[in-house]
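Some notes on the structure that comes next.
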């Protein structure tokens, strides 16, 4: 589904991604972790071209990402993304947030789009909040709406960029539950997170990044119990003791 | 010509007038424009359309007037504008005639106690911007080796008000205007107009160069009024005069002889002017003469055969 | 052994620190310097206020129809009341002024709900007022259809014209300003960006009177021969271009206030540039910039007085015109005071409105 | 994966029309062409129209003799000067009134802005009334008001208000003695320059000393002493090579001396009071933007209120104040063009007014006038950007 | 060192401090706690006259606080204060922040003032940040600079108003460490805080306030293990369970 081949990216002169190679098969669930500034967000944002890479190839669902607008469009329809800070549209109600993309991108009639929205709202367990504005919801609810909003476009791949790191501890669980349910339904997922419990439960592969490189990439059992790399060990010791 | 056709097509004359100069162009309390300059435009409209009311007015201050005419913003500019060499030649304009012979004069407060402009060395003078007055004033004082300071305002309102407040010793302008401006003073009798006339100021309607047809119409609309006065045709008697046996009168009124088509208008063009606007004398008295608040005497503006210099070529 | 905490009852504060005396001490006489300042201001007020009040109210004449009614030596407000119609409506034919009143009335009815927080259709109504209402107003003003007598623009004037110039200028400048602001933000199109910057800086750099002068007398020079349009329209074009530059800067401020995440979320959902702008960014930005728009509107409203220079008689022009009336010579102070008062009322209430809006938008931002 | 090879064959080059870069390029070219065509259209029309109407073009008129007088000129000017010189006179007058306006508006604005925050209720309210009144009335009206208020309330020259027979105030303006310099005045001039330099050095020295020893030095008094004392000494020593030209009443008016014309006075007054009201608001919000915690922290450290203001509040407030302040200056400069309404001979009045009218060359004259204002605004905004870049708070 | 005798204060008609009596001896370390709005900040701010009291006497280091400006100045030189929100001067570098008061209040030459500043920066363990601006530091670092800034004036008394409550948990420790070190050096301190660990470690006396009154005032052992008052017990139970 997703393939990165020798991807390189620079911010100005700063080399953020160095020769990234990665393959994600359909239905695979990848968790990406690593210290702050290691390029996790950048990598995941390259996949739906919120950032442009400068060297190498990124192929998503058979389409290579170039600056061709139509390809970018196709891919963005296929790939949903959830951000750290939810980024819900504050001037629209929850339901309008959900129905917006189906209506304007997929040209679904409003009625249908809203029905779809309700369906996903039920899936994230907050159908009763449909008429409220995002500002009136708690962080956890907002993030669940954000997930539902991505799902409304019926994506084949979901990307998550630290979906729980802006949340209070009590709310983290409700979001993770939704994500676990999603993972179990067979969605292809790539998730930047430091929630190691989540990684252990659902991930097929855990990737550890540092200084723009993939340092280690292993199934979770192996990753947690027997890290291959010194850097990984150090990181895990910090994170698990925290 | 282009202007003539354009005016005919749009159905009214766009007339550039002064922003408010009693007797020449000013609005009454209904917003209707009145004055000699206004009547110049009305006469043209009467000649061209047979309806003196087919005029639209653009109030212009002195600064804007030529640009407005040049740019085509207005079709004619009867706005008490002095006919000078430069204006006639370098601005791309043509003066169609003289509807008022004027000369620049001075107005001072009675309190000052002067009798002649020659006593005015060192004076401060209020003046309106963008007029020949500004240049004449400079010439006059230079020629008489006197000093002065000119304070130049955008509009006549401010000029009068500054004069009234004592900002300047005197106000200079065309004499006709002095009378008009004087009545704007809270106490008109506190000011006197000095006898000196320091310049020739032939005022007349101006048009753009390059359209002789239009130029002719404007010029002959004025001449028709002068001829009518000479021939004794008035607003009142014009209908009777249609039956007059006097060949001159008959020619003027288009009953026989010369045809309106030379001007590109109806044969009754002059009749329409006289009927709706009046002859020159009537127009004068109504706007600035005895029938008005200004009470200016005819003076130079009397007909040539009555001691003045208003003289129009014959209509024949 | 443990005992219960019983709070002491509240006591009244020392008398010197509350009540009228406390207030005076704190607010007027808190230090020697303050006391001096207070006394000085009281003195200045005592000297300057009474004559003004005498002139404007006590000795003033209020009723009458002609200058004969003004005998008391104070202000002659009769002048204003006698000329009130022209100050408000210009030379609009008296029997047609109901049309202007109808516009004011219906506009008021349309705007009133916008001031209530609860009203649900604000956006739609706002759009109606901005886009549809002008057509209705234009038809009423201009006439010529539906059996309405046509009224030439040269007869428009007074407060009506002031409001018309300011509001049309503002409404027409809005879309242009938005485009310019978007253009100025378009970093991927340097040519477009620099053209927008040039345009904005040009109009912001020149005085409005030169713009008006240009639009009123020079515009025909720029157009093909024979093409010409209404003088009022030309002034409006000048004002609109001028205003759009200011509007663009206000809108740009709003665009910059939208968090980057909003753009990214819209991108990630696959919205195209125009959909992203139209559905996500602009609706949020416009809400933020309303106070800014009101402020530029106030500035424009005051600047409309400059159209006298091109011979359009808005309220100040109408007052000056009335001052030329031989029947009312010498009441210029009253005329100017009245004009100043009208402008003040409008500008002050609008600026209060925009401040209130600003506060509402920035709640929780206090120290 | 089976289809790996085919995937690799996908051409990396995007289709042109859907490549945003290509699109942007095309769009930019189109836009540029449209604008260029529009400009061409206008220029062609204008040239055509001007030729058709026999209007002369070009800037030759700048060398012609103007033939009219100007009320106030900072440089030599009379009726036989050229239009080029008229332009200069107008420009200088504009700059003069703008500079004066900027100075006084800043003064009024800062004082009023501070008073607006005063704890004295009455002062606070008076400042508010000032701000809210003058901000909300059109400037043109205010210019008229001041001009005619002065004109109608001051006495005529013969009844001038006088101070010591050398200073006269009347409805023609303020007349002051003008200094006339004689040969030996050079030395005094040098002394003035010298003492200014000395004061600058003194200030530096005082600062250095303060940093080195912690001793504060009252530069203000010392500077005043130097600035006044040294030139006076030199002046007396060289035999007072200057006399004053006193204004005297001759005929209707005063002659000689220096004159401040009422137009300049009224315009400066109106501009500074109007702009001052806006500046006061800017200053107020600037000061308020410095959080209360800052002043508290400074007091807690034992800094006196005056030092707190100088070292903590003002530096922080200025960052917020300067950008809107510069745009107020720009507005003031542009607004000075209303001068024509009361007869102050600024650029718009004498150049875009009288000159335009006498020569009829509207396009050239307006183009020159607009360029002048554009250059002024450019200078101001360059300064503003430089200042903003310099002052940006460093954060992480 | 500090003595409060029947101090009363009103905000308008609201009675914030009611008959406060308190004595702090030289070298004593007092911790003040109590529910929000109980007047802790107000009391501590009265001590260096950031607020004026309306009744009673406050005597600091032998000087009574009146509205005499000179006395206020003397006292402020002797009393350092650290705020919840640091209140560093953002337009000055860290070193300039430190040197400002010594230069202007104590008339120390710049060189010496800066040397003093460096010395205290070292004491709070961030000498390498001297040239940075406050905005470029983390919260914990900023608070340490704020403490150093107060110390530069060589105060005999230090007041702290919730110095750690605006900090992230990781940073609280670094600030508390600095404060503990300071306490151990024998400084007279009054500290409003809810860090009970800190109170137990260093306080000589813990004061509990409620509704503008001092409800209980005891050494920490006694205060925590055997609170005298029902109100105190309630408060402690809430705070310690948290």
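First chain written, first letter: the chains are A, B, C, D and E, and each begins at residue 1.
As a working rule, a contact is a pair of C-beta atoms (placed from the backbone, for glycine too) under 8 Å apart; a residue touches a chain by one contact, two chains touch by 3 or more.
For clarity, every value in this text was computed on a predicted model and none was experimentally measured.
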Original post:
Chains shared as neighbours by chain C and chain D?
Top reply: A, B, E
Original post:
Just how many steps, at minimum, does a route from chain D to chain E need if it may pass only between touching chains?
Top reply: 1
Original post:
Whose Cα centre is nearest the centre of all Cα atoms in view?
Top reply: C
**OP:** Go ahead and note the Å separation of the Cα centroids belonging to chain C and chain E.
**Re:** 51
Original post:
So how far apart, in whole Å, are chain A and chain C when each is placed at the average of its C-alpha atoms?
Top reply: 48
Original post:
Taking each chain's centre as the mean position of its Cα atoms, how many Å separate chain B from chain D?
Top reply: 43
Original post:
Taking each chain's centre as the mean position of its Cα atoms, how many Å separate chain B from chain E?
Top reply: 87
**OP:** Can you tell me which residues of chain C touch two or more of the remaining chains?
**Re:** 213, 217-218, 220-221, 225, 332
Original post:
Where does chain B touch two or more other chains at once, residue-wise?
Top reply: 67, 70-72, 154, 161
**OP:** Would you pick out the residues of chain D that each touch at least 2 other chains?
**Re:** 20-21, 49-50, 52, 148, 291, 293, 352, 362
Original post:
If you go through all the chains, which pairs of them touch?
Top reply: A-C, A-D, B-C, B-D, C-D, C-E, D-E
**OP:** Write out the stretch or stretches of chain C touching chain B in their complex.
**Re:** 86, 90-91, 152, 154-155, 157, 213, 216-221, 225-226, 228, 231, 309-311, 313, 320-327, 329-330, 332
Original post:
Which bits of chain E are touching chain C when the two form their complex?
Top reply: 8, 10, 12-15, 18-19, 54-55, 210-213, 215, 227-233
Original post:
Which chain B residues qualify as touching chain D in the complex?
Top reply: 62-63, 65-67, 70-72, 86-87, 90-92, 112, 120-124, 126, 129-131, 134-135, 137-139, 142, 148-154, 158, 161-162, 165-169, 208-210
Original post:
If you look only at chain D, which of its residues touch chain E in the complex?
Top reply: 210-216, 291, 293-294, 296-304, 307, 311-312, 315-316, 319, 393-396
Subject >> Interfacial residue positions of chain D with respect to chain A in the complex >> reply: 3, 7, 10, 12-15, 18-21, 23
